[in-house]
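Think of it as A, B, C and D in the order they're written, each chain with its own count starting at 1.
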Amino acid sequence: MKVGVLTGGGDCPGLNAVIRAVVRKGTQEYGYGFIGFKDGWRGVIQGRAVPLDIPAVRGILPRGGTVLGASRTNPFTTENGVRGIRENLAKYEVDALVAIGGEDTLGVAARLHAEHGIPCVGVPKTIDNDLSATDYTFGFDTAVGIATEAIDRLHTTAESHMRVLVVEVMGRHAGWIALHSGLAGGANVILIPEQRFDIDQVCAWVASRFEASYAPIVVVAEGAMPTDGDLVLKDATTDSFGHVRLSGVGEWLAREISARTGNEARTTVLGHVQRGGTPSAFDRWLATRFGLHAIDAVRDGAFGTMVALRGTDIVRVPITEATAKLKTVDPALYAEAGVFFG
Amino acid sequence: MKVGVLTGGGDCPGLNAVIRAVVRKGTQEYGYGFIGFKDGWRGVIQGRAVPLDIPAVRGILPRGGTVLGASRTNPFTTENGVRGIRENLAKYEVDALVAIGGEDTLGVAARLHAEHGIPCVGVPKTIDNDLSATDYTFGFDTAVGIATEAIDRLHTTAESHMRVLVVEVMGRHAGWIALHSGLAGGANVILIPEQRFDIDQVCAWVASRFEASYAPIVVVAEGAMPTDGDLVLKDATTDSFGHVRLSGVGEWLAREISARTGNEARTTVLGHVQRGGTPSAFDRWLATRFGLHAIDAVRDGAFGTMVALRGTDIVRVPITEATAKLKTVDPALYAEAGVFFG
Amino acid sequence: MKVGVLTGGGDCPGLNAVIRAVVRKGTQEYGYGFIGFKDGWRGVIQGRAVPLDIPAVRGILPRGGTVLGASRTNPFTTENGVRGIRENLAKYEVDALVAIGGEDTLGVAARLHAEHGIPCVGVPKTIDNDLSATDYTFGFDTAVGIATEAIDRLHTTAESHMRVLVVEVMGRHAGWIALHSGLAGGANVILIPEQRFDIDQVCAWVASRFEASYAPIVVVAEGAMPTDGDLVLKDATTDSFGHVRLSGVGEWLAREISARTGNEARTTVLGHVQRGGTPSAFDRWLATRFGLHAIDAVRDGAFGTMVALRGTDIVRVPITEATAKLKTVDPALYAEAGVFFG
Amino acid sequence: MKVGVLTGGGDCPGLNAVIRAVVRKGTQEYGYGFIGFKDGWRGVIQGRAVPLDIPAVRGILPRGGTVLGASRTNPFTTENGVRGIRENLAKYEVDALVAIGGEDTLGVAARLHAEHGIPCVGVPKTIDNDLSATDYTFGFDTAVGIATEAIDRLHTTAESHMRVLVVEVMGRHAGWIALHSGLAGGANVILIPEQRFDIDQVCAWVASRFEASYAPIVVVAEGAMPTDGDLVLKDATTDSFGHVRLSGVGEWLAREISARTGNEARTTVLGHVQRGGTPSAFDRWLATRFGLHAIDAVRDGAFGTMVALRGTDIVRVPITEATAKLKTVDPALYAEAGVFFG
């Protein structure tokens, strides 16, 4: 049995931990051989591969990024994409694929399995934690930790100068990072994409915080939007999967708050630091367990499924279940956080 | 409605986050008054209390320890313990108690409720993560993070000198911290209290790691024991709840490994640094949610229950269910980690 | 003897450590009384003060920001500024002032001493490390540490996607943070305000790094400028001391690099996270020693001087010497770093 | 020109940064070739070497430990030690040696140069910061940072339980780590090897802290000793350079304090975590600059010298000057810290 491994989509701490666990258990317990495709689906299409064995995965557990590289290439919108995949799986004599990625990468794996009979097992990955069917995805805890540490630091600047500090965190369609880091960091306002915000309400919270002689921290997901009228968003871009990448809500908010309340306001856009570097202990544990169970799924021939976290257990679910709809923040959960606003 | 709050047992990052959430929501949404008892049950017995309101809990979210102090006093083994509690609850006109603590503190709360009709709601706390009925307790993630960072650092020393490094982590009766930090830190041997270890097997793993030209890290829970013959444990002590506190397995291991394999071996005992200081983002989030739901349980009159994490939900369970038996590491879960040994 | 303390200018980790050391030693060893003026010179002008004694400074050592607040108010450009200062020093019976701040705050202290005979001792503070007469200022090491950690994280993202990552760090007029964090983080290009950069050279370095199959990190100080033509700088603002605050060079660079080399490039602007939060051990040590020596200077009547670090010694220098000219990066020092470019 | 590089003595964060800078500048600017000897002087004696070029040193800057390995082998006490060195330098056609290490390693380099004409340049390295002739050595700042973070964490445990916490840090003969981390961490007692301590005085400080309703942190260097009678020290060992390695003063102190004051006291021995893992930004910067200047010294034929930090400059000093006597904590400097005791 020879297994191909690939990592797709954006950078995410924990990818290497998955690769290591898959290779380690597959080699040692099941005697499988491994090959790594470079840069996600692009490497499978183009036949760019590297050998993967136990020495190759030593020491990569704590490293961010992915030793295999990643891309956002979609074989279904690439000319001869699927054909290339078929040919290269045959050429490298690959019997099964472990695809580690988010909604897009896994969606491709599900279609390749369902429509073309290619034996794929999925490992869910998204910094944003917005995949259904799993309690958490690795990378999320690291991102929340980095954002929380930044919020901790910004509190003292806010207090020293009695300024509003707006922190823009990742989250185009789901507010998980904003909600968790906002709660953990003691933010006074948390704004998420799931619920349009009323700028007057935001300003009221800001004012109420100043009345208590404290300076407010506003945490805003990059995809959050005001109620009336869409933001004129600078630098909005569209990727090959058709996703719009928004940008600029943090700066917009600081300007508006400043103009409406008369308080000085500054923005920090955390950006890529949230997704790079060494994974948190939680993410290393989760990614490692995902890897161990993914290779078990290969052994069991459970193709078309992906591994998922439920409570403290790793389970298998159809990939399609996970990618059918985005996991967004429940209104009740968001309301729970509201007691800390203002 | 006036609510008393107390924190019992050992120090644990996240205690202040619970106190803050209980007081914030109880005051703001339900109009309750609050009082904080000092040093766990001891403060209730002795009638030592401090006022608790929103200003008193501002800024404590990121701080380790507990602003209320803690102790291991057991009212059921203290003369006039229960009578003191009754009298002081009456004196301070306390209508309900929120008891934040581990097996011992919660066990007292359950008995006070069941046997004496005292209205208690519990919030589970243990660094060791060994309470049943909840997926995780706060403080655990912080401890695992600290232990993992230490293991990361020790790897480079081990490699530079080709030495065995033994890391003793917390866990008297349950190996959760050892298992999680060992997996996250890439340990080559993980030893837990749930399963006696064979020192010959440990030495075999150590030797196998050296054969691959790497230096081994051995993570051992403080309560782990060898198979043949009990350790002569220095400094074993017994607390007022009858728990034996072991000590010294890390040093014993380093001596034995060194004597049997001829390799230099050193021990690091992480000790109290694992339980102090600022909580991780995960623990702040969990502790905050526990606090919000604990005050809801008070409002609903759900006395005798405690809050618990199930997946991503906070639920209520009878305290007795949580304290009936220790949550230990399942043999299958431990076996899963075995692929990385050696 | 009664001593007034104030902190001026921007937020900086270590301010509280200075305040604590000044008050602790002054009270305990010399029997002085203390008063804290709020928000820098503004609080002296307006007569807003808080009592300062040993209990008031307990626990503030590890906290970022300043318990006294800060502002950029310049008494020499404020109506009745100096008169207000005179009146309030008399009203509060203040015999000497310890002024903790940067070029601006210290410049005021020097003039108040020289022109108005007000007994001032200075403690130098600047995140940017651009004050003459001292080897380092506190806050700088913390900022460099935060920037370096961010660069570490960005490396993995750069490698995983073979992208250029531009990191904009603080430094309007001096490139110290860029130079130190760039060297410590293994940046492939470092751009500083002291030396205009040639965008073609930058692109050549970027290309050379890609040729070695690595992805480049470009660290740029916010005040760095290209050789030909000034940047059209968005959001440039001028403060009450006449300083221009630039902004946007990081985004400009990413756009230009991308357009000229065809490589994807992204920018991270670290912003305020560099100046908030707990100080590094080095900064706590330096700030504490500055505080201890500042109160000795008061005792010795060494007014008009400030404390400074020379090697491992704390010395006294005339404030005017420190503020006469900015300490910028020497061309030879910058050239030394050039071996790592490309 | 072909240059050999070796790292001797204990593990120290920053060793890899030196190696990288030496190789990078030597190759790129001077066209030198390089070879790395394994495990300090032992590798030179035994002729075990690895190739060193720019690709070999990529990515090692942030890594702790040393890619070359280290040992405490002393060629002058090893049979045929010096002859082995001569032979292997000839065999590998090495024209100059860069020896990175502490007092012992550098002492060997000085003798090899003076007595045998072997062209050596030294780079000073010691976690303990006890080398004369340089303001700081790399590794020290990292160790102080780790110790300070541990002290920060222990404060909350001490306060929550009103316990004495004793922290034993590195420092056999010099108290630099204890002094710096104790000051930075806000310790209430700091004990160093340079000055014997009076246990009654220590207990008085402990009592005074409890009187102020705070719990004391005692930071003690591993080599500190009480005034009357030597400690019965467990596990004292002697290495091949004749140094005694003490152990156990932390535990002794906790027992004595507890017995004499009646307060609960616990010890944390930080041990090897202080010397492993990624270097701080300061140490990476210092180690990098040391490396750049060491290869300049080779180019200039300045054999018998080592690089050293003076203020912010890197200078050259005779190795013998640095190793003639230990740099210990000056009594006046220690007295300065005394204001925070108790």
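Throughout what follows, a contact is a pair of C-beta atoms (placed from the backbone, for glycine too) under 8 Å apart; a residue touches a chain by one contact, two chains touch by 3 or more.
Treat the numbers as computed from the prediction; the structure is a model and nothing was measured.
Path length between chain B and chain C in the touching-chain graph (shortest route): 2.
If you take chain A and chain C together, no chain is in touch with both. Centroid analysis (C-alpha atoms only) places A farthest from chain D. One of C-D, A-B or B-D repeats the interface of A-C: more than half of the contact pairs, counted by residue number, are shared by B-D. Measuring from the averaged C-alpha position of chain A to that of chain B gives a distance of 30 Å. Chain A and chain D have Cα centroids separated by 41 Å. In this assembly, the C-alpha centroid of chain B lies 35 Å from the C-alpha centroid of chain D.
Residue positions of chain D with contacts to 2 or more other chains are 149, 152.
Interface of chain C with chain D (complex): residues 21, 24-25, 28-29, 58-59, 61-62, 135-136, 141, 144-145, 147-149, 152, 180-181, 183-186, 212, 214, 278, 280-282, 284-285, 288-289, 292, 310-312, 336, 339-340.
Interface residues of chain A, counted against chain C in their complex, comprise 10-11, 13, 15, 63-66, 69-71, 146, 149-150, 152-157, 159-162, 165, 266-273, 275-277.
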